[in-house]
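First, the structure itself, so that you have it in front of you.
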């Protein structure tokens, strides 16, 4: 999401440079993600970290020494989660800008950024679900990351309900900006708290060691691809919303 | 910035504030794509009574809310008694009072408690005395220990006048103050407003053309957020004005 | 220089009968108004108290086939906090109904008033009302479920997480209920926003409460971490709410 472009005093608008590069970025995103996909399955070796070492209880069954193919989900789960949080952070940034300037454009940007965040949060939850099912053998577990994303998803959904529940545009803008800011503050705290409080039931995600170089590369590749896709989606949606707003403005002026 | 220029600026400001109570320039409020108030400018001398007319959705209430510092304008400036209401909203607030169709009184507190609450917020010196004085002025001193919940609409609105005057404002804003009042209550209300006129400046938003015309010294007609007419009552022929108003309201409806 | 200009301008006005009170004086005025109103009508406290009893009754039904034993203590922290969350949701929904009823909120905003003081006053009154209800509801909970298990000697320390949690709930709850009272579908929307936002605090408080109920080694392990995190949440969220309140309340 390289649209921040903070130095320019101009308001975000359709047809500025991000839109010129958006199609190329979209293609790059698709290529990168596909490459990452192929890499995840054919290049990166299954790591010991995602295998069961010794004997463990998974989903009520004793499992020993099995390499789990489900680890491949990780290469998509993590990048998608990263994009969704970055999108939320952008929504917060535009929320702050809206509160400072009361420029409607920022409210629009904030709302669209959070829409993108929702898309990626849902993708995160879906991949996370698959992960827990195959890796840990349960449909849901109150693991810190999953919990954090559940909370994030709930706040984002509440954001949209709030948006549709306020008629006055200025009030809607202010309320939604405030919620975007609160959500962005809340989510890291949520992660920290669920992570730091000791509890015996939480499994550790990366069981031993960190990521290997190959794993890291693959994750980086998919992450870059996902960011590109997120950016392209954002610009496409932005163009669409701006068009609708212009039509609305024209209708207003015709009524005069 | 030298000391000298600062002083000069101060002098021009006080010079303005000596006879102009309210000065509005290029006031604009944009809601998303719609301009609710569009470049409204006017000046009111001290002691004037301005009636703002216009069809529904002309931006009257938005204008009044901006004047009362409840809503921030998109563009333009407001000076109340020479104070920049956008730069120094808190000081401007000390100079203003608002009477609205909403009483802004807590139904579960007594009239006296309500007024004391507001008096303390404004930091009125000797609030108890001021409250009794005001309740006496609106003729409700004997009911001061009754809950506002038990009051009739007319009585509530009288307490509301006392509430708006608690800080001895020089500019009083009236937002549809007659809605829900019966003819007798309206009469009482008018008499009260007349009795507190002194050298205060009033700005009233009302649907009632005749009412507004009978009280005002200045008239402002808004349509679609823009000023159609701004004139002093003396320069205005009442019939002509009614005709003009009807034509603009008609335009607004169509 | 700017201050002197301000003073001059103020003198030139006619508001000679007013002297701007300190923010603390205004805070006190606002708080006293809330307390006086509530203790006169007892709207919020009574409905919250009754609601708390009803929640306990529902718990009673839910647990009627559970085996009494020390496991009950592990669940109790969580149950107590769901009691607090549901009850405070009800109270928070009501805390602004008086302000909206007659446009009083606008009347308040017309005064030269630090908006932060409005937030702090409302938060304080919410803390007071919530604590009053908790003082009744928490012992009542133990009364009803005393046959299930006896909490450890450290159980009295539950007061600390209850205090920390209540302050946090009142803080963020005041901001959120100011938002939701001016929307359509206020009650549902408050729950929708409140529960996920309060989640981290709830998690920390449940952990701390459970630790003191079970007692033993767990207290040392968990209690401090949980409390520090809960206090951290309180500080960050209350600061954020306090800063953002100005925007919310004037919108």
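Should a chain be cited, it is by its letter among A, B and C, assigned in written order, with residues numbered from 1 in that chain.
By our rule, a contact is a pair of C-beta atoms (placed from the backbone, for glycine too) under 8 Å apart; a residue touches a chain by one contact, two chains touch by 3 or more.
Model, not experiment: these values are computed from the prediction.
Contact topology of the protein chains: fully connected, every pair of chains touching. Geometrically, the chain at the heart of the complex, using CA-atom means, is C.
Across every pairing of chains, the maximum count of C-beta contacts belongs to B-C.
The distance from the centre of chain B to the centre of chain C, each centre being the mean of the chain's C-alpha atoms, comes to 37 Å. The mean-CA centres of chain A and chain C are about 31 angstrom from one another, to the nearest whole unit.
Centroids of chain A and chain B (each the mean of its C-alpha atoms) stand 49 Å apart.
Each of the following residues of chain B touches two or more other chains: 72. Residue positions 170 of chain A each touch two or more of the other chains.
Those residues of chain A that touch chain C in the complex are listed here as 99, 147, 151-152, 154-155, 157-158, 161-162, 165-167, 170-171, 174-175, 177-179, 181-183, 185-186, 189-190, 192-194, 196-199. Contact residues of chain C toward chain B in the complex are 1, 5-6, 8-10, 12-21, 25-26, 29-30, 33, 36-37, 40-41, 98, 101-104, 106-113, 250. Chain A makes touch with chain B in their complex at residues 102, 104, 168-170, 245, 248-249, 252, 256.
Contact residues of chain C toward chain A in the complex are 172, 175, 179-180, 182-185, 189, 192-193, 195-197, 199-201, 203-204, 207, 221-222, 225-226, 229, 232-233, 236-237, 240-241, 244, 247-248, 251.
Across the complex, chain B meets chain A through its residues 30-34, 71-72, 74, 224.
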